[in-house]
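Letters A, B, C and D mark the chains as written, and numbering starts fresh at 1 in each.
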Amino acid sequence: MTLLAIDDLSVDFGRHHRPALDHVSLLVDAGQRLGLVGASGSGKTVLASAVMGLLPDNAHLTGTVRFQGRDLTRLPDAAFSRLRGQDLTMVFQEPMTALDPTMKVGRQASEVRRLHTRCSAAQARAKVDEIFTRVGLDPVSQIADAYPHELSGGQRQRVVIAMAVMNNPSLVICDEPTTALDAMVQATVLALLVEELDRVDAACLFISHDLDVVSSMCDDVAVIHGGRIVETGGVDEVLDRPRHPYTQGLVATARIDAVGPGQRLPVIDDFSSTSDLVQAASEQCDTPAPTRQDR
Amino acid sequence: MPLLRAAARRLAIFIGTVVVASIVIFLIVQALPGDVAQTTLGMGATADAVAALRERWGLDQPLAVRYGQWLVGMLHGDFGSSYITGASVVSQMAPRLAVTGWLVGFSVPLSLLVAWPLGLVAAMFRRRWPGAVVNALSHIGLAIPVFFVGTVATIIFAVNLGWFPANGYVTLGTSVSRWASHLVLPVASIVVVQACFLARYVRAGFIDVLTEDYYRTARAVGWTRWRGLVRHGTRNMATSLVTVVGVQIASLLVGAILVEQVFVLPGLGTMLIQAVQARDLVVVQDVVMLLVFAVLLLNFVIDMVYMAIDPRLARGGRG
Amino acid sequence: MRVPHLKGIVAAVAVVALLTGCAAQSPSPASAKTLTVGLTLEPATLDLTTSDAASIPQLLLYNVYETLLKMDSTGAIRPLLATSYDVSSDGLTYTFHLDPRAKFASGAPVDAAAVVSSINRMRDAASATLQSQMSVVQDVQAQSDHTVQVLLSRPSNFWLYSMTSTPGIIVDPAETDMATAPMGSGPYMYDSWVKGDRITLKKNPAYWGTPGRFDQVVFRYIPDPNSMVSAMLSGDLDIMGEMISPDSLPRFADTSKYTVIKGTTNGEVVLGFNHARPVMQNLLVRQAINYAIDRQALLDTVWAGQGQVIGSMVVPTDPYYQDLSGNYPYDPQKAKQLLAEAGVSNLTLSLRVPITPYAPPAATFIASQLADVGITVTVEELDFSSRWLPEVFLGGDYDMTIVDHVEARDIVNFANPDYYWHYDNPQFQALITQADEASAADFITDMEKAAQMLSQDAAADWLFVFPNLVVARAGISGIGANATSLSFDVTTIAARD
Amino acid sequence: MKRLTVIVGLVCSGLVVLAALVSLVWTPYNPRRVDPGHKYAPLSWTHLLGTDMQGMDTLSRLLVGAQTTLVVGVLAVAIAAIVGVPLGIFVGMGHRFVGEVVARGMDILFALPALLLAILLAAATGASVGTATIAIGVSTIPIFVRMTRAATLTIMNQDYILAAQVSGTPTPVIAVRHVLPNIAPLLGVQAAASFSMAILAEAGLSYLGLSAPPTTPTWGRMLKDANIFIAPTQAVIPGIAIAVAVLGFNMLGDGLRDYLDPRLKEVR
């Protein structure tokens, strides 16, 4: 069953700028974990923001984003807000800044509950305690009473994840959720994320530039480049046999372990000498981008 | 406890600054040319009479002694006596302070109350016409001198419509209703200008919030644009606004003098001008010291408030 | 959801409601028993013996303090605390017969002992003006409970006259603090003082004569002309005691609402010359300045044509008044010619004026007209008490200045070479002394001669007589047209409603 | 809208500058000459903006008044910048203790606003445009010190400063060559803002009689001396002139800042 259907979505920020998203189409099924891979500036975050309805107001958007059958692009803010945090949630890249510095994290989290569920402060607080415990925030009461700056990066990201899964959403968009964390913490947070996604049975749009992370997390992957989806398919298939030159480059540069001693490290441009070439190549490929829909 | 130690350190600095300020003020005021004895005696002063009066008022003592007396007196709550009337300065200052206090006390919260929604709208709609309108209005309001606003308000609401008295002051003790009606126009005049000023800071503060990740988070968990901004923006915006409001109160304490002049209110500013004209240096010194002390105290309080509002600052303190 | 601002909003709304709700009530003077008078200059102290600021007698004379004799609105001397007085034939001994009914507001009688102590208080006053006015007094004695004898060292017409003013006030012997708690025998007594705003007098319930008509009289001090007019127009004031922006008079033309009282005062607005400056010692230069200024145009421009042009230091209510205003008609050509004759060119003069409603605009006007005849004038505004007094009046640092000399018969100041004009004319001095000691008839002719002498010598440029302009709301009566004394006399004022 | 702000700012402040320049070579009438017969003349072709109580031509006085307005603004900002900027840089680059001392000194100065200084200064030497300008300028110093110090601190953390320090460049050279150019745009914004505040402050001082003498045509003085009951236009005209000047320089500063402040460009 299709949960999220992005169809022919384009976003630009003013007439004089290159479109940030260029006729993007993408499907996410219920429970599916789709990785979205691309370099910085490729439009990953814009896509996430477009789905969440959080584009800046100078953004110009065409196309449709259907979530559970409703077109989000035409949804008024109030109705959309009831959806956000309830069915559709997001985990951000920067745990350092994603939380209100002037409010205790327990209160911020319980707000998420009370915004969408009719319940008392005590009930919300109990729920927060439950989820905090689940995501490994310990001791719960102390952490809930802490301000964000008093927590470590990993703890903060756990809070953000807790807030994201609080209301059993059907789709969680993760925008580079572990990039800002150090390697050790990364692994545990990722494991936690998977666990929580499984528990609430949520689909996930997982945005990353890290192919390893994507391959461990996701069933399928879409590659975005220059605002376009250039390749889509199962994770193994795309990573083992990339078809688009950009994907080939991405895969090669990620696999530096395959480079022999004395050999020059590959760079993306080896696979597409200029960005114009990439553009040209991607345009040669059929539009919308090659899609292998297995399910 | 680091918070306590930071507070203690600031308190020490505050006290030191106040003492230095008192020396500076004393020297400035003593350096003013003119002589209270002569000024008081007026056109008919003779040299003997002036000398006698100077001696009676202790003006013939050395500077350091007079400074010491003044400082010690102030610590005991004795601000000295007016040369001219002999009345204690504290008893003269208290009613004046009350007038200025009411002016500032009403106009600052009211300005904030007006500025907050204006700034919110201006930030949210900064690219559309409501934002442009609020922005233009605040620019214009800020460009009109407050005494001009006051004069025009007097003509419209006192002279033509007769809703409020044109000027003057009635103490709270005399009649609450007349006290209030005498304050409406002066407070409103200040609010018009101050609200425009503050609205711009509120707007800037909210725009900053709009770019913050935590605002995006708030939206992502289901806050609507407005409620998210109000809920998570106000407190964060307030941290940048506290300084501005502090500066506002400080400048109003003295700046109220313009409004006091327009509306013939017996506030501190009017008292200062009269004392300077009469060369009643004890009064000048005390009023200036009071005003400076108020501002320094305000700075100190702002620092403390900062620590309270923004828990991150408890450790480092404000730059 | 807890909305943190709700409390604040509620509080503020409550405040606004309070303010506007209260304002709906009438802001006009609470009852007909209160008279509110707007004046310009607030006194710094109420002590007449240390300060000779005109604002003190304006408030206290006749209203709170009474004198032995009183000057009425026509300039005639009338009895007050003294029912009558006798003068000895040599003019040296004055005997005052006190009204036996007279008593102070404290209840103590105004007896001979009180009068003696009060006159001695004035003789010992710190104010040099008082000292000089009382300098002719040799001795004061109580003859009986109600008879006081004053012995002068020489006959003096001016002394008796001065006894109707500040030097003649009779202070309650119980008085200890004249600066903040004046005690007298008038129909009103001092009540309270909100510094920077108002002084309130209240009715003396035990007044010995015709009692005051108001329970309280509030004097509000409003220095700004526009603010004063606003206060009158908005109904805050019953009387605008000094109309300091005569241009605004048309706003009070509606006779159903306002009464405009126009009269004269003792004030001569003088363009004073500093005779200590060599250039001002030149008669031709002084005369040239007199010719160069169109006084009628100045009066029309600066004071809306209210008042009257004069030609010497004498006001029309003085008994020795004569019209000398035509002595120097406006003639810029003649002025230039005189300056050329005097051999001065590129003359630059300072015009340092006190901040008053009339002086700065008059200075602007004069600067412009003197520029037309080739004199450059640098105008400077000085605060009256803190700068004009020490620098100009006492320090003599000026070429020209403008002041309204409000005291009665102050032509005598030209006889004092130490006075700030430094006008030193022995002939004139002799004439004044002669007049002071002369018989009543000779006094008049001597004074006429003195006034003419000043005019011919162009000792100053007398710009105009300051008018007495009072605006009252309809229904207020009893305001004297001429302000012959310094007092703003509210004892005769009544309200119809 | 950013562009609109700058355009309005340029037009308004340009008008003031233009008026001042024109008045240097031409005014319709002598702005200091009284005309007894034409007191309070209404707006007409002979007197475009009417005349005041002395019959002086208001347009002429308005044009000449622009000179004073600009001179006060320029000098006040110059005083503040000449003292404040070097002090701010010095403190920003220097020792913490020195910084603390200067900061407290600025607290004291900050507590003596222009009005207070002007009252005291006028009491000492008499009120004039000069004393008003000095009072405004001196009271603006803390603003410049604080801003310069904050900006300097940011710059001092940059790698190229570190590089310069490591390579032994003397501190004054770093200040002039690296710090000053980098904070210059910010200083421009602050100068424009302070300029408009100075104009407004001068008007206030004029109103209190703490600035220009009566013969000098300044806008604040014209506003103070106008009789609002008989000739309201004579009060409104200088009022508008003040507002236009303040608005102009304010918007200019705002527009400049918006261009310079990258935060405002990407708003979510």
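Note that a residue touches a chain if its C-beta (ideal position, glycine included) is under 8 Å from a C-beta of that chain, and two chains touch if they have at least 3 such contacts.
The model shown is predicted, which means the values in this text are computed figures rather than measured ones.
Asks: Would you pick out the chains that touch subunit A and also touch subunit D?
Replies: Intersection of subunit A and subunit D contact lists gives B.
Asks: In terms of CA centres, which chain lies closest to the overall middle?
Replies: Going by the distance between chain centres and the overall C-alpha centre, it is B.
Asks: Starting from the Cα centroid of subunit A, hunt down the chain whose centroid lies farthest away.
Replies: It is C whose centre lies farthest from that of subunit A.
Asks: By count of C-beta pairs in contact, what is the leading chain pair?
Replies: B-C
Asks: Can you compute the centre-to-centre distance for subunit B and subunit D, using the mean CA position of each chain? Integer Å is fine.
Replies: 22
Asks: For subunit B versus subunit C, what separation do you get between their C-alpha means, in angstrom?
Replies: 38
Asks: Can you compute the centre-to-centre distance for subunit A and subunit C, using the mean CA position of each chain? Integer Å is fine.
Replies: 86
Asks: Taking the mean of the C-alpha atoms as each chain's centre, how many Å separate subunit A from subunit B?
Replies: 51
Asks: Quick check: what residues of subunit C touch more than one other chain, meaning two or more?
Replies: Subunit C, residues with two or more chain partners: 1, 226, 233, 383, 386-387.
Asks: Out of subunit A, which residues touch more than one other chain, so two or more?
Replies: 54, 57-58, in rising order.
Asks: Do you know which subunit B residues sit against two or more other chains?
Replies: 33-34, 127, 151, 155, 216, 231, 235, 261, 276, 279
Asks: Which of the residues in subunit D come into contact with subunit C in the complex?
Replies: For subunit D paired with subunit C, touching residues are 32-34, 36-37, 39-40, 53-55, 123, 126-127, 209, 213-215, 225, 227-230.
Asks: Okay, in this complex, where on subunit C does subunit D touch?
Replies: Those in contact with subunit D are residues 225-226, 229, 233, 245, 247-248, 250-251, 294, 297-298, 300-302, 355, 360-361, 363-365, 367-369, 371-372, 379-383, 386-387.
Asks: Give every residue of subunit B touching subunit A within the complex, in rising order.
Replies: So the residues of subunit B in touch with subunit A come to 127, 212-214, 216-225, 231-232, 235-236, 239, 309-312.
Asks: Using the touch definition up top, name the residues of subunit B that touch subunit C in the complex.
Replies: 33-35, 38-46, 49, 52-53, 84-87, 92, 95-96, 106, 109-110, 113, 116, 151, 154-155, 158-159, 162-169, 171, 175-178, 180-184, 187, 230-231, 234-235, 261-267, 270-271, 274, 276-280
Asks: What does subunit A use to touch subunit B in their complex?
Replies: 52, 54, 57-58, 77-78, 81-86, 89-90, 92, 94, 97-103, 111-112, 115-116, 147, 149-150, 160, 163-164
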